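A short worksheet on the structure shown next.
Chain lettering (A, B and C) follows the sequence in which the chains are written, and residue indices restart at 1 in each chain.
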Amino acid sequence: MNDALLSVENLSKGFSSGARQVAALDNVSLTISAGETLGLVGASGSGKSTLSRLLLRLLSADAGSIRFEGEDWLALNSASLRRRRARMQMVFQDPLAAFNPLASVGAVLDDPLRIHGVAAKDRRPGEIAMLLERVGLPADYAGRPVRALSGGQRQRVAIARAIAARPSLLVLDEAVSALDVTVRGRILELLVDLQKEQGIACLFISHDLAVVRAVSHRIAVMDGGRIVETGPAAALVAAPQSDAARALVAAVPRLATDPC
Amino acid sequence: MSGIFCSLRQLSVTYGRGVAAALDGIDLDIVAGERLAIIGESGSGKSTLARALAGLLPEGARVGGEMLWPGLGHAPRPGRDFGVVFQDPGSSLNPVLTIGEQVAEGARRHLGLSWKQAYVRAEELLGRVRIPQPDRTMRAFPHQLSGGQRQRVAIAAAIAARPALLIADEATSALDVVVQAEMVRLLDGLVREDGMTLLFITHDIALASGFVDRIAVFRNARLVEAGPVRSVLSAPKSDYTAALIASHRDLATPPLIAEVQP
Amino acid sequence: MNWLRRLLRTPEGAAGLAILLILLLAGLLAPVVSPGDPLRIAGRALLAPFTDPAFPLGTDRLGRDVLAGLLYGARTSLAVGLAAAFSAMVLGLCVGMVAGFAGGLIDEALMRVVDAFQIVPAFLLALAVVSTIGVSTPIIVLAIALGTWADPARLTRAQVLAIREQDYVASARVIGMHPAEIAFREILPNALPPVLALSATIVAGAVLTEAALSFLGLGNPNIATWGSMIAEGRSVLRSASYLSIIPGAALAVTVLGVHLFSEGLGKALGDNDVGAA
């Protein structure tokens, strides 16, 4: 484990509701290397979303450390954190809620370009067109309001926004769960392509093992706030060791085409 | 026993302000006692179908064609003749009423039971839908339950008055894969035990194919194809159905990513 | 201008806008139609309306032209109403935003202040301010604003609290947007619509309060106001009821116009579905 891109150690986060203390994350550790996709699976309530929010510093951890690109990620604050955020981006689950209802596609893509100085003002429209093309959308979509797009299209815009600032790590939190099945496959292909082309590492979070299997090099299984199993994707799916992993494998719906 | 429960003849629905039809000329029979899956993606009209059957279309919606109910002999009464389970377990239950009240309501209103009898029935139903500790849950409020548990309660409430038809409108879509599988098993069991007809609306063809008898595929407000599930899956007549089947991913599907780690 | 078109398509919006435009015109054209000081003695006293073409709406007890009073009074009502509502909104928006963002003790402290202002009936507060400080127009505007800023403050805060939890605000943070930019570009524009809908009610209330203050003799005595006209008409209510009825009717129509406009605006802004999914 020399220079992993992301190294999470003993991360913990608890919530208190009333008198009860709930450990949403309990001593979670994981690593992601540059250019690799780590799939994170678990049932609802296993802590996956809490982990993603802690990574993106939308929540503060109770204990533990996160090293990202060789720096202490949790120690960064305010302006320095904002600058470094360009390196770690996120795609959310709900493609509608992830955008300002009043925003146009162009404005949404302009934000990261402007904030992180990726391109000078006059070069930005060109950069936006390139981003749109990269995610499979026509360049003239820049003028449209985000609300006018379909779910799959919005998610493409979300991916474009996330890669605009040239991150080294992309966190995808149930990014395809709300999409139609036919659209899902294309978005997954897009992600795999982007990774091959730009070497972006991904943390792909989902409750659906089949989707995770399709795009991940390695898979980590979460249950009750802990990581209960990690391993290469093919091996884990073929021979799950933990109860949680077995339950996830068994729960994947299979097409009933087999003659019986 | 296997008569036609409901018959749709050229059913069309257009919403008030819309120009395009949400449902366009649907001809479909629902056989009494069968489990029928309605498969479609967004915009296919599957939810509109559920609402039309349940009488929940908004004001200003224009309906063409007809819905006949030979299985009932009269227009269906909500709650009594059919029950509906909706997609969002968070908003389909009233947050200020106890679980017991909400499940017992249907029984009391439609079966003419007293509140006391209705509560007894409600507790039985909670047991049938495999809620742990049904007696305690009777007094709990929806926010104290998990999504999967709330959905079970919604099912209990929907079948409280022993309806002949249960409409599950994307009832599992908001749940995670493990809970989805449990929910499907539960629905299957309940429907078999009570001899109900089940209309299972979903976008997940594989999930439905695991337990239903027939599937009907919808696309862009039209009925594309309908038939026994095995036939449709092994020999789809339409390209769209074939595409749906092809885009299904399970653990046996080859991954998109190269196996070798970079 | 999309919303303007939508507004005009609703019957309420169209009617409301029409009334408000007529009022605006009345105020603007006052010096053209009735030149000179409206409070000067123009003719014979207690002339009935529609009897003398020089004084279409008659004259009052002192011989002042009722039409002139009406037109100049429109100015006062509109100016005071709009200025008071605007001040109340701005103050309410600022306090609400600060409370919603800051949270914790600042939020608590500000909300207690809002509570205090909400508890006191707006009119009594305005009355107290005007009778203590004085009766100039800016003071009247301040007095009315003090009584009405609490509602927009509360509503703004509620909106900010709700919007803060949305994914798009989290998205903005993840992108690395500066908190101030998030506040003004992401949150404020989305928090505004319900608060703007409230503004119309505030304008209507302000117009009425101003009239009531002048009616009680606490208005600016040097300008024509509908309230003072109604007050003056009281003593001759039996014999010359038109003196109170005409400005009273103008007041009623104004308030109606504002309410209709706000209904229409609410519908126009609310009809926002651009389709999809």
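As a working rule, a residue touches a chain if its C-beta (ideal position, glycine included) is under 8 Å from a C-beta of that chain, and two chains touch if they have at least 3 such contacts.
Since the model is a prediction, treat every value here as computed from it, not as a measurement.
Asker: Give me the fewest steps it takes to get from subunit B to subunit C if each step has to go to a chain it touches.
Answerer: 2
Asker: Tell me, please, which two chains come out on top when C-beta pairs in contact are counted per chain pair.
Answerer: Looking across every pairing, the one with the most contacts is A-B.
Asker: Hey, how far is the Cα centre of subunit B from the one of subunit C, in Å?
Answerer: Measuring from centre to centre gives 51 Å for this pair.
Asker: Using mean C-alpha positions as chain centres, tell me how far subunit A is from subunit B in Å, no decimals.
Answerer: Measuring from centre to centre gives 31 Å for this pair.
Asker: Could you give the separation in Å between the centres of subunit A and subunit C, each centre being the mean of its C-alpha atoms?
Answerer: Using C-alpha averages as centres, the distance is 49 Å.
Asker: List, in ascending order, every residue of subunit B touching at least 2 other chains.
Answerer: 42
Asker: Can you list the residues of subunit C that touch 2 or more other chains?
Answerer: 277
Asker: Do you know which subunit A residues sit against two or more other chains?
Answerer: In subunit A, the residues touching two or more other chains are 150-151.
Asker: Please output the residues of subunit A touching subunit C within their complex, sorted ascending.
Answerer: The touching residues are 56, 58, 81-83, 85-86, 89-90, 92-94, 96-102, 111-112, 115-116, 145, 147-151, 161, 165.
Asker: Under the stated contact criterion, what part of subunit A meets subunit B in this complex?
Answerer: Per the stated touch rule, the residues are 33, 35-37, 43-45, 150-151, 180-185, 188-189, 192, 195, 199, 207-211, 213-218, 232-234, 237, 247-257, 259.
Asker: Touching residues of subunit C toward subunit A in the complex: what are they?
Answerer: 166-168, 170-178, 185-186, 189-190, 272, 274-277
Asker: Under the stated contact criterion, what part of subunit B meets subunit A in this complex?
Answerer: 41-42, 146-148, 175-181, 203-207, 209-210, 229-230, 233-234, 243-245, 247-253, 255-257, 259, 261-262
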